[in-house]
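The structure under discussion is supplied below as structure tokens; questions concerning it will follow.
The first chain written gets the first letter, and so on, giving A, B, C, D and E; residue counts start at 1 in each chain.
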């Protein structure tokens, strides 16, 4: 069986560190661990940089499909690119294994029989963080929100969760995207008197906001920060001094168990001491599962058939353990609530998280019926 | 019968930060004449030109052109009314050929200058006239060169050709012969005389032989005010003018 | 009155103070641009990248050589300035006799290269930089971190020292004259190329200085330059590059305006400077401090 | 003529603007303390010669010796420091400087230059306008300023490119006096002039330039007898 | 061979190549080149002939792309009408931006356009209809005139080629028109043009609007081709890219922008594998072109042709001339 995988990722931009070359490596690793050769499968991996531009991404993928016979597209951080690829994949009947993108629309309004959304999404982050915090007593919230669709979506999702569990949102302030100076917004958040300051933004903005909060002594003054989208690479960028005490949700952490640590050790050897992120781990396990499905179907030609098989077979691999792919393409697994350690607690490089809670798989993702996925509704 | 004045200024005044460069000038330019404006350096001659052509806004006073008040018109409109100036410091289109330089000016009469959908070859009808103008100023042989390649004196000649191309009713020349060699001065003087047949010329000039040769009437400015006015023979004898402007030596005799 | 607008006066003053901090960066950056523009007639598109390099120079000095912040504050501008001098001598120099446009294009190309290289080397998530001045002052209406106070002081001192150096000494006339006719100024006996090189180096060093100054309060990341430089360009258009002093004052002023917008209408805070720019262009095209042509 | 009396000696000077060859073997010399003119039609290469002496033409060959120093490869700031002052044809007044600043711009290169007050006494008009922007001056005022600022520097060898252009007759007369006065003070002057009558009242000798080289040298005394020839050269 | 003949031959060659190319090369890639070539041609009109460097042209390209996308997707108009409407919006946008920007010249003009474009970027980021950072996705290609199905790449290709050719010829005509002549004069010496009676601001504004309009035509077409309009199209990098294309191809030349677009798009496509190095390589190309090949590919090529011709001519003249012409070197 010939299989060609295209890892489409951000090699140079905002997400290069949390996916990028690391994702390509993870895909290769999965192919090797799957033992494709022994099983008589000929798996080839190509990769490209979408530069976070939907047009670049869709051009590359179009060409992959039309000219290079690529069967599945993998990873694709950046929601806008992922949505574009999502359309193309459905159109050409290929398969799409999302790990890097955050938008929950991929299994909602924009859901497709050719797409599996693996690692996380905005809903699960908002849900995990919002709920856990309210349950542990953080009842009043103030949002610092990136002023664009993604930021507002995060804020809205979290607000819903907070209110559902009895919390209260005191207000919010929108900051320009990308922002350079957060002092003024942090000050407004401080003035609100809320217990929790929710950061409904991503990447550099979150990093920046956290640093500013540390400078203004937000935590000392008794407020807490909750980041709604945060990766370990962001924590690395901020440094423990400023990031300590930050609470957020992730799907995977390198130091959770021996399997993860072994995977991280290999990664580290390849990437100069850095640790893998949940996105890269997700690439590994989604590719692994995809190959199993291809093996069962016997060909990678028909993308929808392979994805259907992925939904049929329960998932099982060394990084994400056991789980399943739901009908709408949502991969279901546990999520974890982490708190960033203080410099004193940390025992070495990249030892950043304490696990605060496990969000069990059945409550970690948006319920099937709430997503508004077309073919799920029509199936009923 | 009242005299026929093409241009008239009344109490024309320009002050720069409390310093009056031009003060209460009542200038009357008779239609069909060559009128010279002379005066010591800094007397306000160029400033007068700038005011009349609206490159500067007068502090006070009115400007009448063909009897109409143009005090608040815009520069480009002034040119459209038939009053065109040349600059004291050369102003040519450096990277266009001489032919194109002149043609840009001629083009305006066609009324197609804004027609971006029309072919450039619609301008070829102007070539003959353009060549004629270049010949007039002695640049006939350089038509295909670009203006950048010309020496200073020739740029001045080109500038005059371009100005004439607009077929102005009133021509304002600011030191048309400065920087020219004798040969060119002679030719330019002839040219001015020739073109003045059916138009009016107001010029600033320091070359007294040119002034005496060409002008029908001379206005002498000094420190922004009119010092004397009249034909050359009269003005040149005015002791104030001699003191303020002409001097006595023979150095100045350009002729 | 503030209560009427729904803003308590404390918050109002606090935001004003923070606006001043931002204005401090705008001022130093637009000052550097003005110095370079004033002399070379080049819009130094790399200014943002050089600002970023300043921050990274600080980071590298600290992490790899153990140079503390205060050392870096002196060394980083020198390093960045030296890089600027190399750029000037090897590249910019060959463009002076051409349309100014080429200087802009060259520096734009350099931005892509410099930012790209830093991205390649350091990724994009940014690097932490410890705050050298912990703690803060309670001003009554707000808690002002010491470091931000220091930013204001440092920028005011640097700006006015530069102003004095350029406007109140003979150097200023040499520089301005050399913009118009470098060949002639040289023919008067002044070594224009060396002067040009040093001035470019100095302008760039100012950007580098702003960079280290920003490092502890803004994430040190390869993209930090481009974000701010477009805003600084707008500041420059508003101010009009008419004078060194104009660049400085406009910088602070717009920082304040932006700060206020963040309170009254945060959604507009990213565009307010551009809107002001459009209005200024309509009313006074040459800018607030520019001289009419 | 003894070698040390010649302050400037130009030999076989060639110059190019881009691809066009402008000077073809220009040779002439200027004795110390004399006023020498270059005469010639528009475009003959007079200005180019001056720019070569100042080191302002990028491509130049041949020899230019100033007080025995070879300057053909020298940078123009070094040339100026040797005591050569230049008044360019287009005057070169700086728009971004006021009159005062324009005046004080050229650094003093040799002792013995005029003081600011002496300069202003010479050109009272400049004193009146001293705070005005350089290019806001009238054409003639700019010309005065261009000459005035060189007199401050102490340069004893001056290159004046058409200094009377655009000046009122009284001022031209004044400039004539200044030049004669400078000569008595030991200045050496190379003058480019279109106004031949003016030139003949101040100069000691004239070089006639045509097509980038010198075709004729005349002493001022010989002018009368050579009038015919000169008129042909200058095309009157 | 006169310059005009050369242009004609080159144009015929271009059309022939363009007609057969889709049978050998990937049509989507070719369409991308055509869209960017049109964008660059429009930009070149402003820079190369008007002497105005706009660093904000992405505003028109991306703006039209959004409008076209929205109209085709949400209002369901047919592609040609959607593109027309998008183009009209770009023209309007050009009028407003131009009105503000032409108040300054030179590098200020560049900064002002950059800033205005940045403002538009924030608008696109926040306005609801643009879909924020997701953009407008899956824009229908629809049926041309309600008949021809444009989902077929070949059909779409020829549609795009027709649009490009129209735009290209229109811009060519503008450059070589009485208007173009005045425009060049204004670029050379504005005060002089004013004194000749030209209202130079009008000329600059018209040029700006034409340029914006065709940038918009390119953007709208691109939205239909790629079925997506996104923030990328309005970012400053996009404005930079079109400058680069024009520069590499040769600004102020008729065909430069086409060659530039070809080179840059191809480079982006094939270097995509190099990931982070693409931008660096682009930067290096920028620097090298500015320092060493300012005329750009087409500019350098024509200069070379002209040099060769001149040499040939003088050789012919020499051969034709009698021996006298070759005087002995040493008399």
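The rule is simple: contacts are C-beta pairs under 8 Å (C-beta built on N, C-alpha and C of every residue); 3 or more make two chains touch, one makes a residue touch a chain.
Chains and their UniProt names: B = Amino acid/amide ABC transporter ATP-binding protein 1, HAAT family; C = Amino acid/amide ABC transporter membrane protein 1, HAAT family; D = Amino acid/amide ABC transporter ATP-binding protein 2, HAAT family; E = Amino acid/amide ABC transporter membrane protein 2, HAAT family.
Since the model is a prediction, treat every value here as computed from it, not as a measurement.
*Asks:* What are the mutual neighbours of chain A and chain E in this structure?
*Replies:* For chain A paired with chain E, the chains in contact with each are C, in label order.
*Asks:* Of the other chains, whose C-alpha centre is the longest way from the centre of chain D?
*Replies:* A
*Asks:* Quick one: point me to the chain whose Cα centre is farthest from that of chain C.
*Replies:* The most remote chain is B.
*Asks:* Just curious, how far off is chain E from chain D if you go by their C-alpha centres, in Å?
*Replies:* Result: the chain centres lie 50 Å from each other.
*Asks:* Cα centroid separation between chain A and chain C, in whole Å?
*Replies:* Centre separation, chain A to chain C: 37 Å.
*Asks:* Measure off the straight-line distance from the CA centroid of chain B to the CA centroid of chain D, and report it in whole Å.
*Replies:* Averaging C-alpha atoms per chain gives centres 29 Å apart.
*Asks:* Please list all residues of chain A that touch 2 or more other chains.
*Replies:* 12, 16, 147, 176-177
*Asks:* If you look at chain D, which of its residues touch at least two other chains?
*Replies:* none
*Asks:* Indicate the residues of chain C shared as contacts by at least two other chains.
*Replies:* In chain C, 116, 119-120, 267, 270 touch at least two other chains.
*Asks:* Looking at the whole structure, which two-chain pairs count as touching?
*Replies:* Pairs of chains that touch one another: A-C, A-E, B-D, B-E, C-D, C-E.
*Asks:* Which of the residues in chain E come into contact with chain B in the complex?
*Replies:* Within the complex, chain E contacts chain B at residues 173-174, 176-182, 184-185, 188-189, 191-200, 202-203, 206, 210.
*Asks:* Within the complex, which stretch of chain D touches chain C?
*Replies:* 54-56, 75-77, 79-81, 86, 88, 92, 94-97, 101-102, 104-107, 109, 153
*Asks:* Report the residues of chain A in contact with chain E in the complex, numbered from low to high.
*Replies:* 11-12, 16, 20-21, 47-49, 51, 53-56, 58-60, 62-63, 66-67, 79-80, 83-84, 87, 103, 105, 110, 147-150, 176-177
*Asks:* Quick one: which bits of chain A touch chain C in the complex? Just the residue numbers, please.
*Replies:* 12-18, 147, 173-181, 183-185, 187-188, 191, 203-204, 207-208, 211-212, 214-217, 233-234, 236-239, 241-242
*Asks:* In the complex of these two chains, what residues of chain B are touching chain E?
*Replies:* 53, 55, 74-80, 84-85, 87, 91-96, 100-101, 103-105, 107-108, 110, 112-120, 122-123, 162, 166
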